[in-house]
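Letters A, B, C, D and E mark the chains in the order given here, with residues in each chain numbered from 1 onward.
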């Protein structure tokens, strides 16, 4: 153990401010980056799900249009 | 259209994705000397994207474009020497006159730039040769660009909506030019909104549809 | 080598593979960092010249080494992406840049906090400091360029070119600034044959270096996976995954 | 049919020069900017002749850097917007010929006027009398490097709607070595020290960027026109 | 020549010429001495290889070791003067009027930047302590007699 008391440990031989500043900054930046990295794939999955839903709708519209067209054509044939 | 003419350009399983939308998937076809190919499809089906991929301006998501059986990336300069592409944007500089604009492109293709003035007549721009292009309309810009076709020695023409800027007589004239070009062994790939008035056995169609996935 | 690499060039395989790596990397890095930084803070001796401020060393030097290493990795990925058209390499550039930028920022901030008591200045325009600052700008450039393109495939290609240009310029910038003004001490740990560092200090340093490296690995893997699914969002396997996350 | 590289180069160069001369604002604005930025410094730091003499090399060079940056967008932006850029990329000549021609035109339009105007600004800033030759030589060798490296940045950002700020973020860090050695040369000259070492390094930077930039610009343009 | 081979030839030869030019100019530059960094001996006698001497009034950087016993502090202000030496015999005087860094001590290597006021006096605007690349606990340093490290300039 390099320090005799807890006070001495925090004081760091007079360099406490600089040492703890460094450790604080490092911890802060790394925690922020970790949170950001962890959430990233969830955000993207959310986007993809949204798009899948949108496409489902488009597909239905396209189907409906197609069947309307077919009906119209068969009507014409009858006439 | 006889299948014996040599293959100029072939698309090999082209897939195109633009901003998360699948435009076309594994599209393959060949273009032979003598072909006129019209690419058809509603807005947003990727007609322009396909033309740009064929011209080598865009890269497909997967698949290759082959020129005389070589991937175009590897024979870039030969392909460019044989290609004439006219896209949505005419590529005409407002700071130069119409004649200078045309002459520049002719010169870059190693053609006789002094024919520029006479060629402008073919696209109804006679008398406009000294006008600064910035004073001309967008339609006139496209006509300057199209004028290159009359001098072109390039085998493959790729034209994106070439008829939008010209009147009916002009369309006829351009169609005849295309026919003449294909009779000399060239090929034309184009998109157009109106139907071609050519004989149906003079050209073929590739139809793009909306893709769902 | 290419045959061996081939399966990992498949996005789905690498997605699952990196997924398996993440917990291991995270655990290893947590252990190494706890032991290394704990030893560094509590047990390692104070330096004969710099006293206890030398404990910043265990953060500063690993961060600086990683900032350079990650940039080099990014440039190699850029080269792979451009020459062999490997799309996964583009994803890895996107994943590496923010992590590298963070470590660069850490190196700069801890360096400032160390420089103030030791040199008497928070910041000096020294070669290493200046090139580290420019490294941060280069990282920011890659990230900004990446975000500026809507199309992810184009973004990847543009970022590859920039990463490569940057890696050519970095040594040029470094040497020009070095010639211009130099104060920073020589490299310490590169002299492995005879480390000019006592073993009591070297041990916590190496532990924290590897700890930070594994942490960087964990973070890069996380971001890499996110990039893969973003770029392959139209693939059925990604859609199936997305449904699971619904 | 393929043109010889030299014909292709000169045809494109001529075209760009004609366009620039018919659009004189584009030439004049960066020069005016250069002059204004330089003349702001005496107002900002005070007119003391000694202070000005000390900061003159740095000020002139930083102003040259910024005015080059300002003029860079024009290198490909207009051509991109009106479709000429894709046509140029499809011309039957290698891309590096096109890129070199365009960069040469850019330097002739922006770099050369800077060199001509710089000594007058040196007078305004009370530049040391022994430094003028070094100033001219450093600009002569250094401004082409600015055009070459800047072209990489523009080529990467030309397709983006908001490329301007991004461009400076990408390009300015790359300019640092030129700035250091150029101002170093002028400083050394003012102390009557030899400065051919500085110039040799700028020359090395010039040849390095001359060989590598065309390829980087070429592949960046392909990305941007995609 | 077919266009592809012509292009390849053009690329390869221009890259080679470019690389040769870069290498040539860099080598030439490395042989030129253009550093404004001097040691005390060089300030007095000029640089050994080129004979370049700083002129009075010039802004330079001087690096060396603080001569033991030479530090004189003014009791009322921050003014401090000390002598600087290197492995050679000459010393110069540094004058400074700001707070010195913690690492500043006699025998320590420092870099001072400032204006030369006479041929052996420097008015420093900045004094920076240069610490070496050795890290060790105090006990070992004492045992090795590290306090009087030989100058590395």
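In the analysis below, contacts are C-beta pairs under 8 Å (C-beta built on N, C-alpha and C of every residue); 3 or more make two chains touch, one makes a residue touch a chain.
Model, not experiment: these values are computed from the prediction.
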- Item | Other chains in touch with both chain C and chain D | B, E
- Note on the structure: At the largest C-alpha centroid distance from chain E we find chain B
- Message: As a test of whether you follow the contact definition, which chain pair has the most C-beta contact pairs?
- Response: A-C
- In whole angstrom, what separates the CA-based centres of chain C and chain E? 31
- Task: Provide the C-alpha centroid distance between chain A and chain B, rounded to the nearest whole angstrom.
- Result: 43
- Query: Between chain B and chain C, what is the separation of their C-alpha centroids in Å?
  - Reply: 47
- Note on the structure: Residue ranges of chain B touching at least 2 other chains are 20, 59, 77, 81, 213
- Going through chain E residue by residue, note those that touch at least 2 other chains and give them in order. 3, 7, 34
- Note the residues in chain D that touch 2 or more other chains, in rising order. 2, 94, 184, 201, 208, 212, 226
- Message: If we count contacts the way the header does, which residues on chain C are in touch with chain E in the complex?
- Response: 45-50, 54, 57, 117-121, 124, 179, 181-183, 185-188, 196-198, 200-201
- Item | Interfacial residue positions of chain E with respect to chain C in the complex | 34-35, 37, 61, 99-104, 111, 126-142, 146
- In the complex of these two chains, what residues of chain A are touching chain C? 1-3, 9, 12-16, 18-19, 21-23, 25-26, 29-30, 33-34, 36-38, 40-49, 51-52
- What residues of chain B sit close enough to touch chain D in their complex? 52, 55-59, 76-77, 80-81, 83, 85, 87-96, 100, 104-105, 107-111, 153
- Message: With touch defined as at the start, can you tell me which chain B residues reach chain E in the complex?
- Response: 75, 77-78, 81
